[in-house]
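Naming follows writing order (A, B, C and D), and every chain is counted from residue 1.
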Amino acid sequence: MEPLLTKAVLLDQEQIQPGFFRMILSVPEVARRAEPGQFVQIRVNNGLDPLLPRPISLHDIDPLKGTITLLYHSAGKGTRILATAAAGQELPLWGPLGKGWKMTEPEENYLPVYVAGGIGIAPLLPLAAAWSRREEPGILLYGARSTGQVMTVEGFKDLGVDVQVATEDGSLGMTGRVTDLLERSPWGERRPLLYVCGPKPMLKAVHKMAESKGWACQISLEERMCCGLGACLSCVCKTKAKAAGKAWTHSKVCTDGPVFWSGEVVWDE
Amino acid sequence: MEPLLTKAVLLDQEQIQPGFFRMILSVPEVARRAEPGQFVQIRVNNGLDPLLPRPISLHDIDPLKGTITLLYHSAGKGTRILATAAAGQELPLWGPLGKGWKMTEPEENYLPVYVAGGIGIAPLLPLAAAWSRREEPGILLYGARSTGQVMTVEGFKDLGVDVQVATEDGSLGMTGRVTDLLERSPWGERRPLLYVCGPKPMLKAVHKMAESKGWACQISLEERMCCGLGACLSCVCKTKAKAAGKAWTHSKVCTDGPVFWSGEVVWDE
Amino acid sequence: MSNLSVNLGGLLMKNPVTTASGTFGFGLEFAPFVDLNRLGAIVVKGTTLAPREGNPTPRMAETPAGMLNAIGLQNPGIQGLIEEHLPPLQSINTPVIVNISGNTVEEYGQLAEIIERTEGIAAIEVNISCPNVKQGGIQFGTIPASAAAVTRSVRENTKKPVIVKLSPNVTDITEMAKAVVDAGADALALINTLLGMAIDIRTRRPVIANVFAGLSGPAVKPVALRMVYQVYKAVSVPLLGMGGISNADDAIEFIMAGATSIAVGTTNFTNPRATMDILEGIEAFCLREGVRDISEIIGAVHR
Amino acid sequence: MSNLSVNLGGLLMKNPVTTASGTFGFGLEFAPFVDLNRLGAIVVKGTTLAPREGNPTPRMAETPAGMLNAIGLQNPGIQGLIEEHLPPLQSINTPVIVNISGNTVEEYGQLAEIIERTEGIAAIEVNISCPNVKQGGIQFGTIPASAAAVTRSVRENTKKPVIVKLSPNVTDITEMAKAVVDAGADALALINTLLGMAIDIRTRRPVIANVFAGLSGPAVKPVALRMVYQVYKAVSVPLLGMGGISNADDAIEFIMAGATSIAVGTTNFTNPRATMDILEGIEAFCLREGVRDISEIIGAVHR
């Protein structure tokens, strides 16, 4: 559906882990159009500093209440300002943007496996909600550096998702990485469909595993964005070229993605 | 006294007329150093938009409470942002800056006459407070376009000042301009010392009258400022040159002023 | 309602508001927000003879009130443009301007020749901020003779309005302007981006993969406006002004400095509806100030 | 503590942080906020042979993340500087750099000669962004031969370090850099302001009385950084980098691009303590990143 340019009203914002914020925005028309894996371009104020919008995934979509939820890491200039926004404040945004996660046909009988690294958890929750509405809540494999980067696990559990966590420092769940969780193929005899979101090295590692093991896999990519509309060409990634004699072509993360089938994605080096 | 760079805490802000705001800031070290007619350079936020500080006069100085009050017109980009500041917010500023109003020796037996145009009222209140502490509250001649630009008259009355108002549209007080109030020489037999602040055409007109009638007169000037410290030379005005053979020289409004004896000021044209 | 229609070197525009090449895609990307029929013209993404994949990422970085970009002219090539992107624009009642770039003087001529025989393209904007492959990569846009050669090559191959887009990275913009007007430009567009860069102090590497990148956005407005002012004095062809326009007041500044039309670039990324807001703001200004015809204020600051 | 001392073309500085001419007065104006003893050097307001009253007001306008100024070199003249402003700086343990401007090549030489015999001035910064009265007002800083002539005239009259300050309003900054280095510059400072303007749409007049004005502040940082990077590659003398530096990260970007020292300009107006904050930020960076000597990161991005 076509994106909308509007002002969202901030209903509530809370810090759920040090540096990680969850905000609920009232923006009915966007909530009604949105699908899991899509994102919005949100401006953190009305001025020129910072100039550009920030792309943030939809962490929860409630078309009935007319709200969307964002979960984000307050890391840089823009997101630090966003974290100071108070209830009632208006935030300009446009969306929903991009092509989100693809749900397969029920006949294909895939088991959804959400593979998250850190803040990569954000766009997976509405996907799990969609799958659980199909009575197939699936499995979450969640890797993070430490317990302080693990969040919204309860949301997944409430949906009936089997949650498995690994932290690098062992402060929560298994000690190790999300790939260690994957090694165990916790889906038994089922055919997994991996939905992967997280930092680039993790995406690459999971992609490689999925390829070698023949698992179906979708990957959500990130790139610096301006327009989010496919116009500026800032946000390209390499994908398999259809034309003969070419190894790759540039696709737009904002409109061709952010979610790609792993078979489409070409990594550098 | 030397200015101080600090962060003031906004205690309270209210709109007292449409577009005119009064804010009370807790900033003890500045309040203790400040004198009537001085100003601060205040930043309306911590970002780059807008880039520069705004010069605003001290409208009230309370060294005991450690507060200063600013009265300002929310007219442009920066002051519009200032008007949205909420209690508790920190605002970077430096001050007190400039040379303020000069009180004369009691023996000279001047009667202080505050001559204000519109928002030019702002820096005159603390001056009236100082004169009234000397039991010589004086007279306020206050001109404005309309009653909506007349403010803080109560503050002057509380000090015992004789308040006379003229509005161009006749909506309050006499119909006319501040120069019409001056024409009546409402100080009777006393020697007036005019303290003038307001828009440039009004300053010129009062200056001319004072010169032709031989009244003592101080004028507070405004110019665009960057540093407020005498360093950038943005804010110059023409003043009588001391050197022979030169009609004028450039003085700095921020450090040589903003208040000048009328005899020093040279107007263009 | 004031008359806002203008004539940009033979191109009739119903109002002065257009889009800066590379910031508005091929038009339709902005259709959810902008009534494309209300634009004075649509300038599409820079196009080359052959398709190009452009530069590696990162291609973009935010800067104070501005941004750096080094897209590297990713585009589907002139044939791709004509086959894929031009047809959907034909239903829109707004002239389409194609922005062209070449590696050689000849390529510019070839592009002009193809456009000359293509219906549905109203005018050509010639981007001369491109490296001249035959001259060791020095930009056409920084040497008057090279810029003039490019202009002549285009001029000889088309009767459509030729708008030459100047680079601001020069000592004397009026010298460039005169050279390309003498070579046959019907109008001039300015400015393209200022050359800039940014460094990631953590990795000690340039932020942008290409090292250098073009600076655009509100930050550059004072420089762009000054150049429009100077060029207006130096030549008599109409100007398409751009560089940091973020609202109607900015647009009117450019018009008063001498721009017949204005283009909105980076601001499309901060407000996708900006072209409409600016058009409405210009209309409101004219009404408020009693401007019956936009021509009354073009170059007003010079009078 | 890391070693932050640098050698800027013969001028020894205890750390790389100095002030941009015209933004820090004669130093003492900032004494309430800045420990002048902790600065690497103090560059004072541009000075001419005779006193000057400068331009009419308005001389300043705010722009997006920047500002325009057209002060017009108001200054008390070299004698006024030496008599009034130099003595109080002698008690401060920081070298003073005097920024000079002339109407002719000869004036630059005369200024250098006066400074050569004045104690308490450590180095000369030569502002070549001034109109050459004998060449119809074209800036010395936009013609390599004129810039070289100015540099030679200064060089012949002083043994003190000569730092030539380049104008960014040129097609090729490296050409200018090479010309003045060949003519004897010990170091280069860059950048001066970009030429810009602003229009008041209400009055339809330029905002600045002088019409044109110099753009400075964070807005110009990407351009300044790019030029430092280019000039570092082109010449081997040390560079004093400036243009939009507003915090320690910005300063480190300039150092990594190739600046031996950096100057804080417009940011003194938004944070009068900025020089100290930046110095402390550089110290903290070096500590955090294990940089024992600042020289390890000068030009780091080129390695």
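Heads up, the rule we're going with is that contacts are C-beta pairs under 8 Å (C-beta built on N, C-alpha and C of every residue); 3 or more make two chains touch, one makes a residue touch a chain.
To keep track of the chains, here are their UniProt names: C, D = Dihydroorotate dehydrogenase.
Worth saying up front: this structure is predicted, and the values here are computed from it rather than measured.
S.K.: Measuring centre to centre, with centres taken as mean CA positions, what chain is farthest from subunit D?
M.R.: Measuring from the centre of subunit D, the most distant chain centre belongs to A.
S.K.: Applying the document's contact definition, name the chain pair with more C-beta pairs in contact, A-D or B-D.
M.R.: Looking at contacts between chains, B-D has the larger number.
S.K.: At what distance in angstrom does the C-alpha mean of subunit B lie from that of subunit A?
M.R.: Those two chain centres are 56 Å apart.
S.K.: With chain centres taken as the means of their Cα atoms, state the distance from subunit C to subunit D in Å.
M.R.: 34
S.K.: Using mean CA coordinates as chain centres, what's the subunit A-subunit D distance in Å?
M.R.: So the centre of subunit A lies 47 Å away from the centre of subunit D.
S.K.: In whole angstrom, what separates the CA-based centres of subunit B and subunit D?
M.R.: Roughly 36 Å separates the two chain centres.
S.K.: Would you give the residues of subunit A that are in contact with at least 2 other chains, written as numbers and ranges?
M.R.: 48-49
S.K.: Mind pulling the subunit D residues that touch 2 or more other chains?
M.R.: If we look for residues of subunit D contacting two or more partner chains, we find 63-66, 217-218, 246.
S.K.: Assign the assembly's chain-to-chain touch graph to one of these shapes: line, ring, star, complete, other.
M.R.: Here the contact pattern is complete, since every chain touches every other one.
S.K.: Can you name the residues of subunit A that touch subunit C in the complex?
M.R.: 2-5, 43, 48-53, 92, 94, 223-227, 229-237, 249-250, 255, 268
S.K.: Which subunit D residues qualify as touching subunit C in the complex?
M.R.: Those in contact with subunit C are residues 63-66, 68, 142, 169-172, 194-199, 201, 204-206, 211-213, 215, 217-223, 225-226, 229, 244, 246, 249, 252-253, 256-257, 285, 297, 300-301, 303.
S.K.: Show which residues of subunit D lie in contact with subunit A when the two form their complex.
M.R.: 64-65
S.K.: Quick one: which bits of subunit A touch subunit D in the complex? Just the residue numbers, please.
M.R.: Residues 48-49 of subunit A touch subunit D in their complex.
S.K.: Of all residues in subunit C, which touch subunit A in the complex?
M.R.: Residue list for subunit C touching subunit A: 22-26, 29-30, 32-33, 45, 53-54, 56-67, 69, 71, 74, 217-218, 246, 266, 268-273.
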